[in-house]
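Two complexes follow with subunit A in common, the first pairing it with subunit B and the second with subunit C.
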Partner chain A sequence: MTKSKIANVLKYVFLFVAAMISIFPLVWMFISATNTSGDVLGGRLLPGTNLLVNFRALTARADIGQALWNSLRNALVATVASLVVCSIAGYGFEVYHDRGKDFLMRVLLLSMMIPFAAIMIPLFMMVGQLNLLSTTTAFVLPTVSTAFLIFLFRQSARYFPRDIIESSRLDGLSELGIFLRMYIPVMRSTYATAGIITFMAAWNNYLWPLIIMQSEESRTMPLLLSNLVAGYVTDYGLLMLAISISVLPTIVIFLLLQRSFAEGIVLSVK
Partner chain B sequence: MAKTLNNLKLKSRQSIIGWAFVIPAALLIFIFYFYPIGRALFLSFQTGIGANMQFAGLANYRRLLSDNLFKTSLTNVLTFLALQVPIMLTLALALAYLLNDKTLKFRGFFRTALFLPCATSLVSYSLIFRSMFALDGFVNALLTNLNLITSPINWLANPWTAKLVIVLALTWRWTGYNMIFYLAALQNIDASIFEAAVIDGAGAAARFFRIVVPMLRPIILLTAIVSTNGTLQLFDETFNITNGGPANATISISQYIYRLSFQYSPRFSYAAAISFVVFILVAFLAMIQMRVGDQR
Partner chain C sequence: MRRSQVKVLLCVLMLSLLTSSAAFANQTVTVWAWDPAFNLYAMEEAAKIYAEINPDVTINIVETPWDDIQTRLTTAVMAGQTGTLPDIMLIQDNALMKNVIDFPHVFADLTDSGIDFSQFADFKVSLTSVDGRNYAVPFDNGAAINALRVDVLHEAGYELEDFKDITWSEYIEMGKDILAKTGKPLHSIVAESPDLIMAGLQSAGTWMFDENGDVFIANNDVLKEVIEVYVELVNTGIMVQVNDWEQYITSFNRGTVAGTINGCWIIGSIVLPEEQKGLWGVTNMPRLERSPNATNYSSQGGSSWTVRADSPNKDAAIDFLAHTFAGSVELYETILPSSGALATYLPAGDSAAYSIPHEFFGGQAIYAEITDYASRVPQVKYGVYNYEARDAIGVAIAQVLAGRDIDSALMEAEETVRFLMEF
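Right after this comes the complex of A and B.
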């Protein structure tokens, strides 16, 4: 074999090994969800017959339906609220821009420098003072408006043709009407990207609900998961089933909308 | 004359509507970002609990300097950073470079597979890694069966192996994420540059180090800053894989803040001082990031 052929083979071996390592923990999780705890620990790599037993044990131990509903409700409310508030603001900052609004936008961008760890204590105190602990409102409020999403929608409004705005005005459409009936339909893909990022972030959020969701009924999926390993003995089959249930929706979203997903990631730090 | 006056009225009417569009979002950011960071700063100059707060000047910050657990948490985070970020970014860059080849077979599969870890939540993958590296877990079973070890390694109970597991976990979760940035950037490099290099006889390694790395330098710096930023705020992983243990060998700064505020008797004001230090570090990085962003 020539040198370049060996290099070519090595390239595929490297990529294949990397791809397998990437997939393996998730495959292992799904397989383990069907096995007994003993088999999971023993290193069994074949699907087993313990899925139903694991499921019954899981539902007996924790209210997974409630946690799924809490996660879904919180994430949906967060996403819709965020898209509404940030998209209209981004549109406003671009279409009606003047010195005042440009300055305000620059100030808002500074908020991206503030790490969550730095403000979680004051946020917790605020939510406590407002008697909002353990509520969806408390979950959603701090993330409804983010400089990143406003910025994203401002950028996309930059590519929104001004002719459409002018001719809509002549047609007698109100300013809000132009935003609702012209901008939103044209910018569907921006909404999809922004929606995926926001939904995933909310669905996966851990530290904030850990602090504020103090009642049993308000716990979200990530909280339920980390509680499952809190005891002395962990049932690994049950645990892997619970993780599978929590990961499945995001994996499906990911596989269906990989392009928007990747776009969102690249945009999120520019 | 009347027409321009009308126009002026129209313009100011539109400007007001514009303000109405942006003010709700702006208010929310002031209430949920700027006010809390101000309050954190204020809090960090106080001592006491609940209603009995009093001004304490720099006492909290002075205490920080002699707080060994704070130093431990900072050292831990910097250790993760030093070990993990270079490995991850090098891997991500190499993978992106290989995937950028349009003639590559199974390109879509490799891309999807490498990117897939991004779809798992931090808590979920942390618990998967915790389970795989348990004393009686899958990794030990595998290594024993392959005769690589004679007795199981207690990964999560030894300071250095526990750190190693955290580093492995972080690398697993975030390599594909960084690869996406590099792929996007590589697609903007003109293919003719590579073709010319091939004609000039540059091998794959030479093309990688002489063309790809220099051309991607800004985005490499950007991803390095984003990763540093993320590691400084590390919480979900160390909390769920090792719970900061053994003996605080993996505790992160965020987890220390959490512990001070919510696990024992709350010491909000001291925790606020620590969180303000994190803010300064992150803000400093963000400023560099903005500089880099402007240059591109």
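Right after this comes the complex of A and C.
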């Protein structure tokens, strides 16, 4: 065997082990969803026959359909709204830039350093005074415009050829037309990246919905999961099933858009 | 009496009856609590009982974990939006005093509300009152129990009775023997968790703060003795340290240890493995020897119902609690069999439901026994900085087990708590 072959084998062994380590918790979670609570605690690694029992117990324990719908609705509205607002802002900051806008962009970037917990209380005051508690609007408003997404779109716009903008203007296309018909089709991968990031953040968001989603009917999946571990006795089979269900949408969306996601990241950090 | 006077009197009487029942007409009392098998179930049953007394009041129960209640409470108070809080909140006893003192305008003073607090276990009333005023209706019982596998004890030649009213030295002696004969440690504990230390402290009527609220850690002889016992339990292998709560539950569910010492709510986890039915027994926890007020009784965990002071439904909420958790033996009888939710409402302890033998515990009438324990738990005040002190003690235990002397570890713990109090 030549040296390079040995190196190849070692490389694949290493990659296989690393892949196993990273995928194991996920696989174990899906397996545990089919086992009883006692088996999960006992560390059973083989699939069991308790999936239906766990499912029945879960649906009896909580309205998982409502929570899934709430999470999906909130995450989709938040994603669409923030893609529209942030892409226009990012495009504007780059294409129409001047000193004032560059300064504003720097201020925006500084805002990324402020943790959410620090602005949570004033945001809650605003939402409370507007009587928006337990509504999708309250969930979406703070995430509509984020410095990170604006930055992502601004960086992508930097690689959008200026010649296209110039020639489109000469051909009589309006500024909005250029954005809609020239910029968006070219920047599909950036939209995919931003979409995945925003959707996952909104789907997994815990602290903000915890504060504002106070009614039973407005509860999202992370809040429902938190309820499942709050008692004196926890059913781990049921819990693992609920977590498995809650990660499925993000896995599906990531798998569908993973190629564009990788392209978008590469484009933005060039 | 003249007929006209009688008429007037009747009118006044009817009017007063009308106003008292109409006072809560069409009100909705919202409740935040956690655990559907325990607290929420109890609340639902209470709502059913109250529906017969006052059908115009709706009880809206929203499942909310304790940590989430604390986060929402803090955020609402900081944002000046206490109106977003529910009418009734279940609060952990460990955190109750801190919340009442930090947010005094949030919790209704229930002292003169008509609720008879003398009907509850003294230790629980002490935990739910600040400066002699009552701020919560006591609920679940956290009386400490020593639950043991009687079959393992028999294997080593012991009876459950041998563990009743004993000292920690006797516990350790028997534990060594049982470990040698059966290979099973007596109980397990989550590493660095201060729960057992706290139970030991309360069993001797002492806490980490003195009556003035000052830190009482460094020169606390009771605390020192409890830590010495803890270290000996670990070093002799009688008590196994595990990494987390799941491993703790597994250790007695799988029979790798012969028992557990905890608040009586742990029964809900003990009874999970069907095959262990009839093999368990319950007795009181061991007591300290050097400490002057040492008893075999303590408490661990537990929670109580508070009412929001500025709620428009405050009176309805108080009336609801007064007729149910603070006035209905029937409620406690109903919730006991399926939830194991033991009352600190003393009249409930005399009810027949509490004397029913428990099959899982070999026919022992454990509920009556635990209610008796609860009435003997020494009173302490957990204080405002309870959680900070608990954490500092957790760190001190780890240091002592790693070889540091107890005095200097406790001195450092005291300094840490003092620093946090001044911060």
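Here is the rule we use: the second predicted complex is superposed on the first by the 230 of 270 C-alpha atoms of A that agree within 3 Å, B and C clash if a C-alpha of one lies under 4 Å from a C-alpha of the other, contacts with A are read in each partner's own complex, and residues count from 1 in each chain.
Here is the rule we go by: a contact is a pair of C-beta atoms (placed from the backbone, for glycine too) under 8 Å apart; a residue touches a chain by one contact, two chains touch by 3 or more.
Predicted, not measured: the structure shown is a model, and the values here were computed from it.
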item	value
Partner chain in contact with A:41 - subunit B first, subunit C second, else both or neither	both
Touched partner set for A:178, first subunit B, second subunit C, both or neither	neither
First (subunit B), second (subunit C), both or neither touched by A:211	both
First, second, both or neither for A:238, with subunit B first and subunit C second	neither
Partner chain(s) touched by A:85 [first = subunit B, second = subunit C, both, neither]	first
Touched partner set for A:64, first subunit B, second subunit C, both or neither	neither
Partner chain(s) touched by A:128 [first = subunit B, second = subunit C, both, neither]	second
Which of subunit B and subunit C A:104 touches, first, second, both or neither	first
Subunit C versus subunit B, contacts on subunit A by residue	B
Touching partner for A:119 - first (subunit B), second (subunit C), both, neither	first
Common interface residues of subunit A - those touching subunit B in one complex and subunit C in the other	41-42, 120-122, 124-125, 207, 210-211, 226, 229, 236
In the complex, subunit A residues that touch subunit C	37-38, 41-42, 61, 120-122, 124-125, 128-129, 133, 207, 210-211, 214-216, 223, 226-227, 229-233, 236
Subunit B-touching residues of subunit A, taken from the complex the two chains share	7, 11-12, 14-15, 18-23, 25-26, 28-29, 32, 40-43, 85-86, 88-89, 91-93, 95-98, 100-101, 104, 108, 111-126, 141-147, 150, 175-176, 179, 200, 203-204, 206-207, 210-211, 222, 225-226, 228-229, 234, 236, 239-240, 243, 246-247, 250-251, 253-255, 258, 261-262, 265-266, 269-270
Residues of subunit B defined as touching subunit A within the complex	14-15, 17-22, 24-29, 32-37, 39-40, 43, 91, 94-95, 98-99, 104-106, 109-110, 112-125, 127-132, 134, 136-138, 141-142, 145, 172, 175-177, 180-181, 184, 204, 222, 226, 229, 232-233, 235-236, 239-240, 253-254, 257-258, 261-262, 268, 271-272, 275-276, 278-279, 282-283, 286-287, 289, 293
Parts of subunit C lying in touch with subunit A, wherever the complex brings them together	34-38, 62-68, 71-72, 75-76, 78-81, 83-84, 246, 249-250, 253-254, 265-266, 268-269, 272-273
